[in-house]
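Letters are used for the chains, namely A, B, C and D, taken in the order the chains are written, and counting of residues starts over at 1 for each.
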Amino acid sequence: MNPKIYKLPFFENLLNLTVLALLALLCLFPILHILALSFSSATAASSGKVAILPVEFTAQSYQFVLENVAFAKSFLISLQRVLVGVPVNMLLTILVAYPLSRSQAEFRARGFFAWFFVITILFSGGLIPWYMVIRQTGLIDKFWALILPGALPVFNVILLANSFRTIPKELEEAAAMDGAGHWTILFRILLPMSLPVLATLTLFVAVSHWNQWFDGLILMNSPDKYPLQSYLQTVVVNPDPRMLTERDLGLLKVISNRTTRAAQIFIAMIPILLIYPFLQRYFTTGIKLGSVKG
Amino acid sequence: MRTRISGTKRLSTLTALFLISILILTSCSSPTPTAPPPAAGQAEHSTDIYEGLNLVVPNRYDPPIEMSSVTSVDATVKFLEGDDIHNNIWTRTYASLLGINLRYDWVVDASMYDQKLGLSVNSGDIPDMFVVDSAQFLTYYEAGLLADLTDAYEAEASDATRDILSQDPIAMKVATIDGKLLGIPLTDASVTSASVLWIRQDWLDRLGIPAPTSMADVLEISRRFTEEDPDGDGVDDTIGLAVTKDLFGAIASLQGFFNGYHAYPGIWFERDGSIVYGSVQPEMRDALLALQKMYADGQIDREFGVKDINQVTETISQGECGMEFGVWWNPYHPLNLSQANDPDAYWQAYAIPSIDETPAKSQYTSAIASFLVVREGYEHPEALIRMVNFWTDNIVRSQDDNVRNLFLGNLDNPDVVLYKYTPVVLWEPTAGIKTGRQLREALAKRDPTGLNREALWRYRIMQAYFEQGTKEAWVEVATNGPNGSVVILEDVLGDRGLMNRFYGMPTPAMAEKMPTLSTMESEMITKIIMGEPIDQFDRFVETWHQMGGAEITEEVNQWAASNP
Amino acid sequence: MVLSKRFAREIPLYIMLAPAVVLVLIYSYAPMVGIVMAFQRVLPGKGIFGSPWVGIENFIFVAKMPTILQVVWNTIRIAGLKAIFGVVVPVSVALMLNNVTSHLFKRTVQTIIYLPHFLSWIIMAGILVDILSPSEGIVNQMLGAVGIQPIFFLGDDKIFPWTMVFTDVWKSFGFGTIIYLAALTDIDPTLYEAAVVDGATRWQQTLHITLPGISGTIIMLSTLSLGNILNAGFDQIFNLYSPLVYSTGDIIDTLVFRTGIINNQYGIATAVGLLKSVVSLLLIGTAYKLAAMWADYRLF
Amino acid sequence: MLAKREQPLMHPSHLPLILLGTAITLYGLITALVGSWLSNQAMRGLITPGEYRSQLASFEQAAGLIAGILFFALFILCAVHSSGIVRVAFSIGALASLAPLLVSRAETLLFEVIGLPTMSAGSVLAGAVTTLVFALPLTILFILLASGRRIPKVIRWLSLLSILVVLAISIYPIYVTILAFLLKPGDPAVGRMIEISSQIIKLRFLLPGISFLLLSLISARYARTYALAQVDAIETA
């Protein structure tokens, strides 16, 4: 496309750029602020001197957080969860996406299965039955409780199926001529051709696994099995002072140290920040096929 | 009793304290939730620790019985080296002395307990013995999940148990439905929820204000604290009265303020023959108007509507506020923080003054909020009674320091609070007041003989305050010392208190409608204080009655008729 | 013969589906049995099979709940506002970005604005609670600096919904922006050239070429968001609300959670949940149809 | 010769030293008595802790002011009436007269005027500072006296003793308080130490005062022999 067309008059352009810059700042600022808080002294933080630069710089908060076994534990659990959960998700996604991407002619039950999976997005039996099932299958308090119940991200299946169908049929037909079966077509032709999509989905499920908090909170039988986000949830909540007795004093003193909270929040962000460059590389691809299909 | 000690421990710098609390935080964990009950081996091996302690031990189950339970830990629960929630002095003791293998099916963060209990009970996982709050107590009783403990109690309850449960007149009543004893109430001192008036004495002295004798004085003090720079730093940075967004509670509460106007928000009390709800009584009006004026004059934090307990704590520790209504132990936290920043800070407790000639009554509510219950169909309901006996006979009143150190916690290691590992913890309702009296007598005589180790330490601390000017020891003086807050509690127990007349299980309408009504109530109060016209209150009273208040009152009166 | 052959060819497909089908049956379909609780008085411990049937009593109770209408309205209001701003903001930003010539700048801005999308609401809550605090929050300090009284973003029931909307848009507009940018790049540049030849101003270009060019996407996304009108964002509100703002901030999902898990009234909770699912199903169906009609969007 | 080596502390008169000793002793006595009387009242609950604090403070400030000035004057006087190392010693000792001024003013000075961090142990720190302001100059004073060659043996030994006493009574209470509140809260052993130190702290000013008195008396005796020796010297000349 011809850049001339896009040239804005100087002032409009300037205005445009400033507004955008401000928006970017708006998104960046809170994160910087938290970072600054986490490196500031507690007194500076509580007296509200901290903006986006640390005041009375100190790494104490981080020292506390890192000395905190519970935090470290839950951090590892979250990592483990990502490492195990992502492959499972991806494998199932691929295996389901392929049949659903076939034409009605090729796979007559396609429509049925399509709805079979989509319904699960629309309906759920509620927390109790869900919990009971997981308990019946003996997963309560087990690591796999964080993996199996959500093993099939249906929406991703749809994305992948769609992208499969954007791949020219000719290739498959040619392969089929040479007697290639479904497995061959899937693994030899489709997958290699949809690497960017796969990459996107992988990163997405990784992020979502990292960000899950509710299931950990409900399904684990002891705090030392909480994934990081669940742990953070319990850290962020404050006790209801109406129920305080003198014996809760210790608790009162533990909660809500602003800088330490900031440190924990920031550490929880780090993995996201690390994979973020990759995320955004594949981002557009992922989005396009996700929503603006055809 | 970690918390009391922590009052003095506060001396160490806040960072150090946070480090400690982090350490505590780290250890609130348990390796395997379904860990096997302490093996016989451990039991034998550990029996020698009971040598030389004269413990009253009920007949032991032989062979040992299994008992499953559930529990929660909070950030403060800390363990001794090698112990955890599944294997500690209590599990070992139950196993080796009582022959009860207590096993926790799950252990969750305290904030998750109710939800987790609901989930597991509703999905059929019912522990043999567990702790419930009043609402759950009723729900589970109606569902027929709770065993009838009447016979077991009659047969096995020890004298100490009976005595402690009788000290709180309502204890047994609440735990009994349809003539059946369905749970053991976890007793504590009810009166400790009564408010006292805390004032920065050093500020009073600096401004030369006499001690308050009426609510009028309180308003005056609030005004002068706001306008006259009581902290003498030449900056206009002080407010009159600390209030949190929760309005009521243990710290910076309005309860005491209302009581001063003979208004008793949130509780039920008798008025001309029938039981009425405090928050909708005319007395509220004047109190609200007064608060409204204080807010308008900047005597109440303009942001109190969102300031949670931690932010108010901040205000207090920064010395921006010199008056609050709170419970007797406030000096341990948060008031100690203001003295930490300003060595001369001293908060003096005053009984709630009155707006007129009739002395004000301080309101309080039964401390019995939860019960130990046994699953219907569990083979050994009496096992719970035996555990309770073990606690009441041996620990709760023990003057034997070795026993206390072994089962409650050791003052040398104040962060490890041993009794937090067992759900069977019944505090003696009058214990705190007794200790206070002993201490004051000891001080007057200058003779600490007869005090147990913990009390003796409090005595020494006060001695350090009076005889070597260690002002950090004020926390102990302001509570257990002469003219301390505990003295006021004695009067509250006398004729200067008003106990919530309703102490039963939530009535049907209450369970259904009270949450909404309470939300309305706190909104109404907050908004009026922040300046909305007072007829908001009249409107609230109307809607309150329409939206179920009348119905609830009806039910409460019926209940009261059958529970004189 | 032919049939069996076709079937033989389909066997691998079934094998592929098998594991997923099993898992979904167990963890998604089995729990749906629980929907019957909507018609039971659920007794703790008795579970689905032991509890007595009460017909539609629960639904009647729900209908009678003093707060229910309020809650539904809160939900629709918040979700609706989110939907609207969730379209307007990204579109405008996309258009603006589209006019940026410097690729470096464009890239940087993009990179930054969709970072928040990847942070969990737990982390977000942590950040927001801190920066929005009226006493020590940086936002109110800035407002104070220009002489504005502190605003109780999370504590004032008049402001709370807007806080929710704004923070949600803040978290997700970067994401939307990318979609529209993608759509923009699909517009045939020759159209612009033609327009320039006809001497169309920038504004006219935007009006007659750019917007029509992405209208498909806009319509589609907004119609689809209609299906979510009953999802005002549990994660966000659950972690940010307080009794102080129930009057405007309590939404269906949070209500369900409180009645069910905290107040132990599972029958009622399930009833509300069921109602919600049904309504959203209808909405989603409609939305899907509309999207198919206007934007020729098809899930499969 | 002998007489020449051993000189008295003061000449011509020991009055200043005697006065100094008496002043410090009296101050020590009065403060100790008033202090324990007040704390008695408070511990019996006859006066509120608030009243106790304000009365104690106002008394200590008044008494401290007088005592401070008086001490200073007397120290200087001693310096004037002495010579050589003794003079140096007393001039340094004069610094100790700041201590009474500091009592119950130290906190304001340290944390508000100077603005040191209280470390949540303000009164302990303040107490420590006050005691040291008193103890250090005196220690130096006594060290100098003890090391002065021309000073009579007895006096030197006595000074040496006084050093230990001064140090002990000033350090011990601080040590105990830190144990009790920071290191070993709850330790019964520490509890007993509090008992003891709360008695010892009363001697903070008393004992040094007494040792000054002793010094002056002993030295006065030397003064006589010294004077005689000089007279002899003149006569023989």
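Keep in mind that, in the parts below, contacts are C-beta pairs under 8 Å (C-beta built on N, C-alpha and C of every residue); 3 or more make two chains touch, one makes a residue touch a chain.
Quick caveat, the model's predicted, so the values are computed rather than measured.
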item: Of A-C and A-B, pair with higher C-beta contact tally; value: A-C
item: Chain A-chain B separation of Cα centroids, rounded to whole Å; value: 41
item: For chain C paired with chain D, centre-to-centre distance based on mean C-alpha positions, whole Å; value: 77
item: Whole-Å gap between the CA centroids of chain A and chain C; value: 15
item: Chain A and chain D, separation of their C-alpha mean positions in angstrom; value: 71
item: Chain B: positions in contact with at least two other chains; value: 14, 115, 119, 122-124, 314
item: Where chain C touches two or more other chains at once, by residue number; value: 42, 47, 136, 261, 266
item: Chains touching one another, given as label pairs in label order; value: A-B, A-C, B-C, B-D
item: Chain B-facing residues of chain D, complex; value: 35-36, 39, 42-45, 48-50, 52-54, 56, 107-108, 111-112, 118-124, 126-127, 173, 177, 180-182, 184-188, 190-191, 194-195, 197-198, 201
item: Contacting residues of chain B [partner chain C, same complex]; value: 114-115, 118-119, 121-124, 126, 135-136, 139-140, 142-145, 245, 302-303, 305-307, 311, 314, 511, 513, 515-516, 519, 522-523, 526, 547
item: Residue numbers on chain B that touch chain A, as the complex places them; value: 2-4, 6, 14-15, 17-19, 21-31, 33-34, 73-76, 105-112, 115-116, 119-120, 122-125, 188, 192, 244, 246, 248-251, 308-310, 313-314, 327, 329, 332-334, 367, 369, 415, 417
item: Chain A residues within the chain B interface of the complex; value: 42, 46, 60, 64, 67-70, 73, 127-128, 131-132, 135, 141, 217-218, 220-224, 226, 234, 237-257, 260
item: Touch list for chain C against partner chain A, complex; value: 6, 9-10, 12-14, 16-17, 19-21, 23-24, 26-35, 37, 42, 47-48, 93, 96-101, 105, 108-116, 118-123, 125-131, 136, 138, 141, 170, 174-175, 178-179, 181-183, 186, 189, 192-193, 196, 202, 205, 216-217, 220-221, 235, 239, 256-257, 260-261, 266, 269-270, 273, 277, 280-281, 284, 296-300
